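Structures follow.
Two complexes follow with subunit A in common, the first pairing it with subunit B and the second with subunit C.
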Partner chain A sequence: MEITLDRFSFHYAPSQQDVVSGITMGIPKGSCCAVLGPTGAGKTTLLLAISGALAAHYSSGVGEGEIAIGPKVFRPMPDKILFPEVGLALQESHLMISGLHETVRGEVGFSLENIGTDTKVKEEKIVLAMENVGILHLAERNPFMLSGGELQRVVLAALLAVQPAVLLLDEPSNSLDAEATAMLVRILRGLHKNTTVVFSDHQLDLAILVADRFLVLQDGEMVFFGEKKPFLKNLEQFKGFLPVDQWSKVIPQLSRKHAPHIRLLSRLLEIR
Partner chain B sequence: MRFGTASKFSFSFALALLAFFLPWQVSLSFMPVIVLLEIFLSPFRPLSAGAHKKFLQFIGYLTFLGVLIVGMNGLLLKSGEVVLRLLWFNIYDGGIEFGLNVASRLLLLSSAILLFFVSTPIKMLADFLGHIGLSKKIVTIILLATFYLDQLPQRITQVFWAQEARGAPVRSNILQRLKSFFSILAPLTLSSLVESVDRGMALQLRGFQGYASLSQPRDLQDLKTAFLIVFSSLLALLSYLIWK
Partner chain C sequence: MSISAKGVDFSYQTGSPVLQDFTMDLRRGECILMVGRNGAGKSTFLKLLNGILKPTKGEIYINGRNTATTPTSELAGHVAVTFQNPGDQIFSPTVRKEILFGPRNLRRENAEELTDRALTLLGLVSKASRHPYDLLPAERKLLTIASAVAMDTPLLAFDEPTGGLSQYEREIISNGLRQLKTDGRSFFIVTHDLDFFLPLATQVLVLSSGRVAYSAPAAELVRNAHLLRKYGVTLPLTTRLLRLLEIDSKS
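And then the complex of A and B:
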């Protein structure tokens, strides 16, 4: 599904200033957009707004503009959670664990259960999703006994099992080690054709490796929105609030040689 | 006859209700029945060995509390005959009778509730509450509360350690401990509130509707059993009240 934001602004209370202000962007179906910016830039608020959780849970908040997801236009934003069309993984993955199931397998199947998936299909989808994120060996473990990185993957598997048309991930590389990040890169790249992905991060690694669209926020304002080439070209301009140093040395070479960004960057990062 | 969540709920509910009306002799006679049910009857078996241990511990604490209640009432409630003299204290039979009534009610009520929760997974409870028509909001609130209670001991330990690391006098004398208790309570309450709101949102983000929409309501097949339990309990209670 295509996601379009038109001059979208939001503040949590009438007396407060905008947390996100005048965001206008269009993410085509099947593409992957990284929302970048320092802490407090409005990344989470934006993801919550698209998922419908913002209006559903912060009734005192005031929004302006509009958000369109596929053919549906919401003014100013969806007023209810759009699950299962839109799936959002919160930054704190332990919160996403329902606590209603005592095994990872049950937890992955929880969302499927909620949308009324047939038992046989459910089992197949659970196994496939767990295989995809490499947690099949954790199937019978208690989710609360897992590490942060493992928990993150359980949440991702639970979302992938539902196959949402729009996948929103709030800082998915948080608490992931290098190996798990590499796996996340592979998973997100594999999703591209079918699912529109929007994820937030304050690091550039994952974003450059995976995303084809970039939204850069600072203090709620949109500093940049565009495709990969112009983003990489203008990387220096984000130096004040994004950790671009590690990348700015590499990017000019890439531009000159027109090398395939992903492969080279992956090698430089020793991922793969 | 199927004995699922609905039957278990009605059985526990009936016991809890009866606790308010039955004489202490009858109430107390239910106690070994509850323990035997917990040990031998599969629907009432606890979810883990740890839960079984905690159940028995809790029954032990309750019994101790019951004895304390009886003793204190016998000592303080000066009604009826003196049945025992302990040094310069008199124990009255009226007080003991009153204490036995209070203690037996407390024991039966708490054990009946505990018997249900120790043997019912939260998911089954949520499904059951949803299927009997409780609104999504209420089911979510109940779930969040049970989740919170489940995590509470761990949280208290975490906040305790954090406060200790900050130099709060959590291990000194009783007065200092009482003072530092507030420094544990405040972050505990606040963080729990915030987390409960976020957890509620996370449940919704995963499509939680108050109960599993397609899970076969097999548990509801035992509604007949549940109805029978409630009906016979009410009948027994009514007969007892008339006879009395």
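And then the complex of A and C:
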């Protein structure tokens, strides 16, 4: 589903300043948008607003503008959680665990239970989702006995199992090891076209590998919104509040060199 | 020796062993990174360091004190540990009180001064009177590190200290650690963020299935990066790309 924000602003209490201010952007259906910016820029607030959790949980908050998800237009934002059409993974994975199931298998299946999935189909979907994020070996473990990175994968599996049309991920690569990060890249690339993904990150690696739209926020304001090529071209402009140093060295070289493998790599990263 | 672990086994009550025959030493002034897959046992080892968990076999000594027989209150004066999730360790009503709790409990005479220094070092002075839960997650992470630093222990052990931090907080931590290093502190850091920590590290331990699968000086790790893939450890993407481009320009 397409996501459109029109002059969307929000502050958490009447007397406070806007946490996000005047955001206008359109993410086409099947796109993957990275929301980047320093701490406090408004990344999490924006994801919560789109998911419906912001209006549902922060009743003293004040919003303006509108958010449209597919054909539905919400003014100023969805007032209830839009699960299962929209799936949200919070930054703090342990807050996402229901505690109602003693196994990872049960926890992953809980999201499907909530939408009344048929038992046989449910079992298949659970296994597929666990396989997708590489946690089949953890199926019978207690979610509360897992490491931070493992728990993050359980949350992702539970979300993927319900196949939401919009997937919102708040810093999904935070505690992941190299293999799990590579898996996340594969999953997000594989979702393209069917699912609209919006994810926040402090780092650039995941964004450059999977995103085709980039939203850069600073103090709640939109500093940049656009496609990959203009984003990479303007990378230096974000110095100081995004970790651009290493990529600023890599990109010009990737764009200029003509050795076949470098050209291939540049094409894969869509840098040229 | 700040840390000496000899033949350590550990399992939680139910389940398979988390650490097996784990052996390592950390000398004063060193900074050791522990890397490895999710669930390799990294965070468990940190809980063994400050005595929250005890080895099922083998021994760990912190500044010569056996963690199995030394009270955790005494170990806390030698090693300060932060957890991956700040919510697991924050309980005071203000940022300042949270930081003060450690040094005051350890009866440090200059507890107030240590608290002020930690607030400054981690860029939290303007947040001192705020409730910790009014802070953003990244700021709460800085708070847990400030609380550990204020305990004024010779050894600091952090669990993914840069997880979820933006460029701004990463720079605060980088400057803070460099300053603490010149003060002679030792560090044991569990991380996936090699990009950030390799320049600070003296040695890297790769943990795989509860054992030290590979251990080398930090500089050597970069040269032998290809060996580490089987343990789920890779160098940062940009580091790998730059190496590839450099090789290409030489050839």
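Note that the second predicted complex is superposed on the first by the 254 of 272 C-alpha atoms of A that agree within 3 Å, B and C clash if a C-alpha of one lies under 4 Å from a C-alpha of the other, contacts with A are read in each partner's own complex, and residues count from 1 in each chain.
Heads up, the rule we're going with is that a contact is a pair of C-beta atoms (placed from the backbone, for glycine too) under 8 Å apart; a residue touches a chain by one contact, two chains touch by 3 or more.
The structure displayed is predicted, hence computed values, not measured ones.
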Is A:V121 contacted by the first partner subunit B, the second partner subunit C, both or neither?
-> neither
Just subunit B (first), just subunit C (second), both, or neither: which does A:L242 touch?
-> second
Does the superposition put A:M96 against subunit B (first), subunit C (second), both, or neither?
-> first
Answer with first, second, both or neither: which of subunit B and subunit C does A:E179 touch in the superposed model?
-> second
Look at A:S111 in the shared chain and tell me whether it touches subunit B only, subunit C only, both, or neither; answer first, second, both or neither.
-> first
So which one touches more of the residues on subunit A, subunit B or subunit C?
-> C
Mind working out whether A:A13 is in touch with subunit B, subunit C, both or neither, as first, second, both or neither?
-> neither
Could you say whether A:G40 touches subunit B, subunit C, both of them, or neither, answering first, second, both or neither?
-> second
So which positions on subunit A get touched by both subunit B and subunit C?
-> 92
Within their complex, subunit A touches subunit C through residues 37-41, 91-92, 94, 138, 141, 145-150, 152-153, 171, 174-180, 202, 205, 209, 240-243, 246-247, 249-250, 253-254, 257, 259, 261-262, 265
Interfacial residue positions of subunit C with respect to subunit A in the complex = 12, 15, 36-40, 42-43, 84-85, 87, 136-139, 160, 163-170, 192, 195, 232-234, 236-239, 241-242, 244-245, 248-249
Enumerate the contact residues on subunit B facing subunit A in the complex.
-> 121-123, 126, 143, 147, 150, 195, 197-209, 212-215
Within their complex, state which residues of subunit A touch subunit B.
-> 51, 53, 56-57, 81, 83-84, 87-88, 90, 92, 95-96, 98-102, 106, 110-111, 113-119, 158, 162
